[in-house]
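Before I ask anything, let me first share the structure, which is written out below as structure tokens.
All chains are identified by letter, namely A, B, C and D, in their written order; residue positions are counted from 1 within each chain.
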Amino acid sequence: MPEFRYYHPIEVRYGDLDPQAHVNNARFMTYIEQARIVYVRHLGLWDGGSFQDIGIILADAHIAYLSPIVFGQQVRVGVRFARLGNKSLTMDYSIEDSQTGEQKATATTVQVAYNYHTGSTIPIPDKWRKIITEFDNLGTPS
Amino acid sequence: MPEFRYYHPIEVRYGDLDPQAHVNNARFMTYIEQARIVYVRHLGLWDGGSFQDIGIILADAHIAYLSPIVFGQQVRVGVRFARLGNKSLTMDYSIEDSQTGEQKATATTVQVAYNYHTGSTIPIPDKWRKIITEFDNLGTPS
Amino acid sequence: MPEFRYYHPIEVRYGDLDPQAHVNNARFMTYIEQARIVYVRHLGLWDGGSFQDIGIILADAHIAYLSPIVFGQQVRVGVRFARLGNKSLTMDYSIEDSQTGEQKATATTVQVAYNYHTGSTIPIPDKWRKIITEFDNLGTPS
Amino acid sequence: MPEFRYYHPIEVRYGDLDPQAHVNNARFMTYIEQARIVYVRHLGLWDGGSFQDIGIILADAHIAYLSPIVFGQQVRVGVRFARLGNKSLTMDYSIEDSQTGEQKATATTVQVAYNYHTGSTIPIPDKWRKIITEFDNLGTPS
């Protein structure tokens, strides 16, 4: 898997753990969600204000669990756009131990460009396409 | 502690548990929150539509933890209004094992009547006061 | 998609909602996790006691989000085993509105048979294979 | 309220927010829980290994909500021991905006010294009493 240009650190909370004393599987979704939103704000696609303006809605998520995360481990999530369709944006993630580099999980999500004010899907705005393509070194969008 | 006229059942989720294999303490807040909202809808104080119309905001919460809750136990939350001020509404809760009656926790929360559209506190509406006083057998409001 | 022989009802909690006022995407994982565990107990594969004896560990999860879930909707999760490997067990899920039948999401997870006491993967026990194959009408396991 | 000698930073997660677009009230409990556990490890009362060795169990919690927390705010939790009884340990918390210093909530919890291996309460170990009294400048324990 190629490198990521953006990583977001996550603090493992006691409240993320389940009776197996490792991070509950649903929290992996919370970790990649957090990385996604911070990343979208970082790129300037969202101004960090109203969530009505966030412009994407989740359509599909896949997580491969590789190794458990325990309390006290320092974790980071690599996140990037992998592919842009007409309306859909595919993102890849890598959840890693920041200190050892051990990969804890990989994930892929598909979002659809969405206008929350009208409640309808929209083509990816040109401005988004330009910013994303440049930052994540995407080739010609398919 | 007096009896409750309204109880709401809660299913304990695996996702509510922590490494001690009992329900995490923060989830007790989620359980009483769920009972509170369903109860407010039950009384007709909220129509179940927009959360902008729910009319109360939490100001204070106290929970006394009496006994752990484990997976597979059937739980219910007794909820009632205990006291009405000018703007504040105090509610009492009892988290119980539905089958054995064992009390798991007691809780009290104070809410303030709130207009989310204007972002300001308001006096308790007369209609609310009437409904609450009748349902929960409150005496003359203080 | 074929029918499910087992459904588990889920109460949507206020605490499951996010700023879009619908159930947060990570909670879908919690919903299917709950259905999975209750189902495994229902089949007698787990006795409902120690989670050290639950015998499976999650390896992979995929969710397709079809329609948002809002507060007050009655939800159920259809769950079944779809495929048994040597060590892996694939499960399918359907998250649905119990009243209208509208499908909210479909999901697939892959678990691996696991001995938590020794911390190692194991072949699926014959007893499990027999119970699962009969209940879920699986053909000859691949 | 006096100053705290220990603060723990918390990242507000999108997954902490509710339909009012602020941090859900139950998450305040998660925030102070995280601060408590990290603090107990910081003081050397817990070695950060098995949660069976953490030595305290929550008996009582009180939170006063002063101001909502929104996404993007930088938050920290001040935490300290306030009082030691024979078996009980009272802790105070202040949830604050790290940048403006605005106080978001105050909280108090009461823990009981607890041996998870035997499932019974115990007197506060002398070693604990010494460490805590010195670090938090407690006077003669009551």
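A few notes on this one:
Convention: a contact is a pair of C-beta atoms (placed from the backbone, for glycine too) under 8 Å apart; a residue touches a chain by one contact, two chains touch by 3 or more.
The model shown is predicted, which means the values in this text are computed figures rather than measured ones.
For chain D, the chain with the farthest CA centroid is C.
A straight line joining the Cα centres of chain A and chain C is 24 Å long. Inter-chain centre distance (chain B to chain C, centres taken as mean C-alpha positions): 30 Å.
Measuring from the averaged C-alpha position of chain A to that of chain B gives a distance of 35 Å.
Shared interface positions of chain C, i.e. residues touching 2 or more other chains, are given as 14-15, 19, 21, 24, 26, 30, 33, 51. Taken together, the touching pairs cover every possible pairing of the chains. Considering their complex, residues 14-15, 17-19, 21, 24, 26 of chain D touch chain C. For chain B in complex with chain D, the residues that touch the partner chain are 19-20, 24-27, 29-30, 33, 51, 58-65, 116.
Chain contact summary for the complex, chain A toward chain D: residues 10-11, 13-15, 21, 30, 33-34, 37, 41, 48, 50-51, 71-72.
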